[in-house]
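The letters A, B, C, D and E name the chains in turn, as written, and every chain counts its residues from 1.
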C-alpha cells in the first residue's frame, strides 16, 4: 500500500534522511521508533508532501506520490496526524472537523469509512466543545480533535506522529481500542511513537530509525524479544 | 580573525574619511542625510529586529529634536547644544510617558498605536505654529560651530554626523550584545515564555522605546542644523513610514543593515530621478525587488552570498 | 539662431507628490519660456537651458537637488521650488552662496525677508488674504465663514484674521481640516450653522467645495488662488459653480497683455494655462532679462542687482526691490468666477 | 510542622461559564516532589497558569512561602523562584540553544539599561557570568552538541529538554513541570527522572504534571484532579489502587 | 450646538465610517487569509475606481458594466500580486516585515503609476440614486450615502457568512492559521491565498467605486484610505469583518463628533487619542477575543 524506496530529505544544507526504505502493507500496522532527532518527523513530512524528497520514490497503492502536493494526498487515501497537532486554533472544533469532512467526502464519495457521528462519539469532549475555538482546549483535548480530523479525511492509511503526546492513559487506551477497530475495517497505520510499549501493543512490525536511516527491523512477532533485549533497546533508542 | 579584519578596518576608515572630498557636493549632502537617517533608523531597527515592534512614530521624535534645535537656536538664541539636549529630554520623557500605556499593546495593535501617536504629533506640529512655524516652518537655523570650526558645508558636517552615527551604532551594538539584548530577543520570540523567566516585558519595551526616541530626536537635531530649516512636512506620518523602510530594507536585526537601508532610501530616489517622471514607479518597484529577491534584507542577502562563495572557495581548494 | 555654450539655469518643481498640482504646470511654463527665449535670441546669442528637477514635494529632496544644481551642475540661478517649505529650505543654500533664486511661491517666514536675492513670483499670503476680503467687501458680506486646510490655509488665515477687522468683516466661523482630507462635511455644517453671508475656502483640494454644495450652503463661495486649477474644477464636478476666485489668469478671457502667452501655451500644450504656468513663464523671462542685462557670465551678485527692478509680467507687475521680494500690487488681481464648471472673468478689479 | 512552600486553598476558576477548577486545596511542602494527574481538560495546566500568575483565580488563595501571591505579576513570582515549563514547549525560536539557556539566567543578575548601552565592565562581567552558567546548564542536560543551532530546528523532544534546562539554570525554588515527558522516549524519560531526583536533592521543590505513570513514581504525593476537583491523593501506589482513579483516569 | 448640527455630524461620521469600514474589511480579509497586512488596500480602491472612471468616460460602457469592470480589475490585480510576489515570498518563509515592505512598495508603485499614466486629476463617478438628498431637521445626507451604508452593512454580513458558513471561506482561514495543518487536511494553501487576494482586491475595488461619488478619486487617495482602513480593521480586532465595520464606524463618528464637540483644529488629535484609549482598554480590538493565556 505504501512503499518508500531509498528516500532522502533534509533542511537547507542539512541532509536528515539518507536512503530510507520502508513498506506498509494493506491494512497493516507498522511502527516507526527511534531516538530523539532520528528523523522520524522528517520522514512523515516527506511522505505527506510537506517536505520535498531529494531522492527516492514514494508509492501509494501503485501511484507514485513522490511529487504530489500535500493537499492532494487525501485523494490517495492518506491522512496524517502531525506532530504538535497543527490545528486551526482560532476556528471552532466543528469548523476544524467540517473542513476535513468535506475533503473526505470528496475523496470517497458516498462510501465514507468514518461518519461524523462515529468520530465525534469516539471523543466525547469533542462533541461537548464543538463551538469552542480549538485554541482554548487543553493540550490533550486538542490532540483528540487532531485525530478526529484525520479520521474524517477517510484514509485507508493513517500516519500518526506521536499521537499519544499529552493524552491521559485512559484516553490512550481508548484510542488504541479505536485503532484496533479501525484496523479491523482495513485501515493501515504507520505509527511514530516514542513509547515502545504503546507501539508494540497495536503494531505488527516496526522499523527502528537512527540518525536518518533505518537500522533495524522488528518483524512480525518479534516485538516481545526486542523489548526484552536491553541491549537492543539501549542501542537503538537510547 | 582579528588581525585579518584590521587592514579592512583601516581601509574602511580611509575611504570613509576621503569620501566627502572625492564625491560631488550634492552626494556629500546625501551622505549627510544617510548618516542622519541611520541614526533615526537605528532606533526603529532595535524595536523591529529585536523586540518585534513596528514603530510608526519615529517622525514624531525626529520632529521633536528638530523643533527643539530650531526653537532654541533661532527663537531663543541659545547655543546649539541646548537644542540637542532639550530635544532629547523631551523626546525621552514623552516616549516614557506615552510608551508605558501604549506598549501594553502587541503586534499590529501596537503598530496602530504608534501610527496614531504620529498622526497626533503631526496634527499638533501644524496646529502649534507659534512654536513650530507651522507649514512655513522655522528657517535660518545656524550651522553647527564646533570649537570655532564652522560645519557649514556638507563635507564638514559629514564628519560630525557620522561620528554621532557611529557612536549610536556602537551603543546599539552594545545593547544588542548585552543581557538586555538577550531579554529583548527572548521577548520577541515568545512573550509567554519570557514572562515565565521573569523578564519584565513592559519596562524593557518602554526603555528600548525611550532609546529609540533618543535616536530619533538626535537625528532630528542633526537634520535641523543641516537643512537650516524645519517645517511640518518633514515630520508627517509618511515620514514615519519611510523611516520604517530603513531597517526592513537593510535587514532589521543587523546594525550595518541600517546603514545600507539608509543609503538605499537616500541615494536610490536621487539616482532614479535622473530617469524622469517615472522615477517614483521605479522606486516602488525597487522596494518590491528588494523584498522579493532578498527577503532578509540586503545585508542578509549579502551574508548568504558570502557563505555561498566561501563554500565554493573551500570546495575548489 | 543661438549658438555656443548654453547658459544653465536650475529649476526645482514638485512634479510628484502633494505639490504635483503646482509643479507640473510650472514645468510646462518653464519649458515653453525656454523655447520662447531661445527663439528670440537667447542670452546674447547663447541658448538658455533649464535643468528641471523634481523634489517630490519634499523639502529635504529640494535641498539635495539645490545642492546638486548649484555645485554639481554649476547653474547660474535657480528657479522654484513650488512649495513654501521647500523654498525656505533651498533659500538657505542660495542665500549663503549668493545664487539668485526666483521662487514659485509667495514669501514665507521672517528669514526670507533677509534673503534679498530670493525673489518670488507669486503674491505673499497677506496679499491673497486682502484680495479675498476685497471681494467680500464688494458683495457687501460682513459675516464670513471660513473653511481652510491645515497647511496653505493656515498660513493665509494667519494673515486674514488681523486684516478682517480692518475691513469690518466678522469671521463668524473658522473651520479647519487636514491636508488631503476626503470629507469635510462636518466642518462645512459648522460654518453653515453660523449663518455667514459668504464663505471663504482656502485649500488645495476640491473636497471642501463639493462638501459645501452637498450640505446646501447657498451663500456665495470665495476661493483662494490655491484651488484654482482645471484639475480641481474637474474634481469638483457639479459643485464647480458660483465660486469666485481672486487670481491672475483666465485663459478663456485673458487680459490684453496675457493674450500672446495664452495663445502660445495653447498651441504648445493644447490646453489652457492658469496662474502657475504664467508664474513660471514670468520667472524664466525675468531671469533671462537679468542675464541679458548683466551678461551671461555675471556673478550671482551682479545678477541679483540686475533682477531688482520693476518687471511687467504675464501674471502681474512685479518689483523685486520691494520689501516682500515680489512687489505685486493688489491691482494685478483679477476676479474670476466658476459658472457651470467654466471660468469667466468678472469685471471687478481693485484699484490701489 | 513547617509552612508549606506553596499552598492552594479553595482555588476555583471558570472560563465563561465553564467551571474548570472547583475548590482545589493542597500543599506543596518545601523539598517535596508533588505529582498532579488527571484526565485531559481536568484543569492541571489552568492550575499552573494560576500559580505562575498567567491567570487570576476567581476564587481561593495561593500562598507561596507564607505570603499570599495575590496580584503579584508573573515576573515577581519568577524572581521569587517559581519557574515553570509549558505543555507545548515555548522555545525562543530565532535564538540559538545556548542563547535560550542564557535567557534563563538573566534573572540572576542585574544591570541597568545604561550600563548595557555603554558596555561597562559590570555589564560585560555579567554577560560572561550568564554565558558560563548557561554553558554549564547545556552541559548538564546534554545540549552541548546542539548549542549553536537555532532553536527552531530542534525536534519536539529536544525542545522539551531545552525548556527544562532553561528553567533550571534560573535556580528555581519551586519548579513546575507541565508534561515534561511527552515527546521523549523511554530512555530519555529515565534521564528526566534522574534529573528530577537530582534537582530535588539539590533543594528544588517540584510540582509535576504528567500522563506518564512511570515518571510519576518519582512523586512522593500525587493528587488526582477530576473535573476541577481533587478526587484522590496519596503516593503513587495508593493512587494506582484507587478505584475512581482507575476508572476515570487510568482506564483499567 | 444645534440638534441639526449633531445630526449632520452623525451623518458624516456614519458615511465616513462605512468608507473606512469597506477598506478595513478588505484589509482584514487579506490578513485573515494570508497574515499579510496589506498596505496597498487603498490602492485597490483607486484601481477599481479609476478603471470604472476610464471605462465610463473612454469606452462609454454603461455604468453597471463599468462598475463590474472596475471590480474585476481589482480582483485581477489582487490575483496577480499573489501569484507574482506573495507566493514566491511565502515559499521562502518571508517574515511579516518583508510582506509589509512588499505591499508598501506596491502601493508606491501603483500610486506613482496612476500619476504617471492617468494623471493627477481627481475624478468623480455618478452617485447611485442620483444627486438627490435626504433632509432631516436641516441635516443633509445624500442618497448615495444611504446606498453606501446599506451596501456596507450587507457586505459585512455577507462576508461574515462567507467565512463561517462556506467551506471555501473556512479553508481560506485555515490555510493562513496553519499552512501545514491545512495542506494535510486537503486544502490547497496556495490557491486559498490567491483567492484571498482576489477577494481583497474585489472588496477594495468595490469599496473604491462606491466611495468615489462622495469623495472623488485621485492618485493620492490610496494611502489615505489604507491608513484609515488599517485603523478600522485593527480597532475592530483585525480578523473579523464585523470588527472592521464597528472599528470604521467608531473612527468615523469619533472624528466628526470631535469636530463639533471640541474643535476642528484638534479633530485628529482627539480622534486618534480616543483610538489609543479604546485600544488600551480593549487590547484585542473591539470585537477581538483573547487567546489562551499561559500554556
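One rule holds in what follows: a contact is a pair of C-beta atoms (placed from the backbone, for glycine too) under 8 Å apart; a residue touches a chain by one contact, two chains touch by 3 or more.
Just so it is clear, the model here is predicted, and its values are computed rather than measured.
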### Query
Which chains lie in contact with each of chain D and chain E?
A, B
#### Entry: Whole-Å gap separating chain A and chain D, where each centre is the average of the chain's CA atoms
29
### Task
State, to the nearest whole Å, the distance from the C-alpha centre of chain B to the C-alpha centre of chain E.
31
### Query
How many angstrom between the C-alpha centroids of chain D and chain B?
41
### Interchain centroid distance [CA atoms averaged], chain C/chain D, Å
72
### chain A: positions in contact with at least two other chains
136, 139
### Task
Return the residues of chain D touching two or more other chains; collapse runs of consecutive numbers into ranges.
45, 52, 54, 84, 86-88, 90
### Summary
Residues of chain E that touch at least two other chains are 112, 115, 265, 267-268, 293-295
### Query
Which of the chains are touching one another, listed as pairs?
A-D, A-E, B-C, B-D, B-E, C-E, D-E
## Note on the structure
Counting only contacts in the complex, chain C reaches chain E at residues 16, 18, 20-21, 24, 150, 175-178, 180, 182-183, 185-187, 189-190, 193, 205-207, 210, 214-216, 231-232, 234-235, 237-238
### Query
Mind pulling up the chain E residues that touch chain A in the complex?
164, 167, 170-171, 173-174, 177-178, 180-189, 239, 289, 291-292, 295
### Task
In the complex, go through chain B and note every residue touching chain E.
48, 54, 101-102, 104-106, 108-109, 111-113, 115-117, 119-120, 122-124, 127, 192, 237-238, 241, 245, 248-249, 252, 277-278, 280-281, 283-288, 290-292, 295-297
### Task
Write out the stretch or stretches of chain C touching chain B in their complex.
15-16, 53-54, 56-61, 63-65, 67-68, 71-72, 83-85, 88-89, 91-92, 96, 108-112, 114, 150-152, 154-155, 158, 178
### Query
Inside the complex, what are the residues of chain E that reach chain D?
293-295
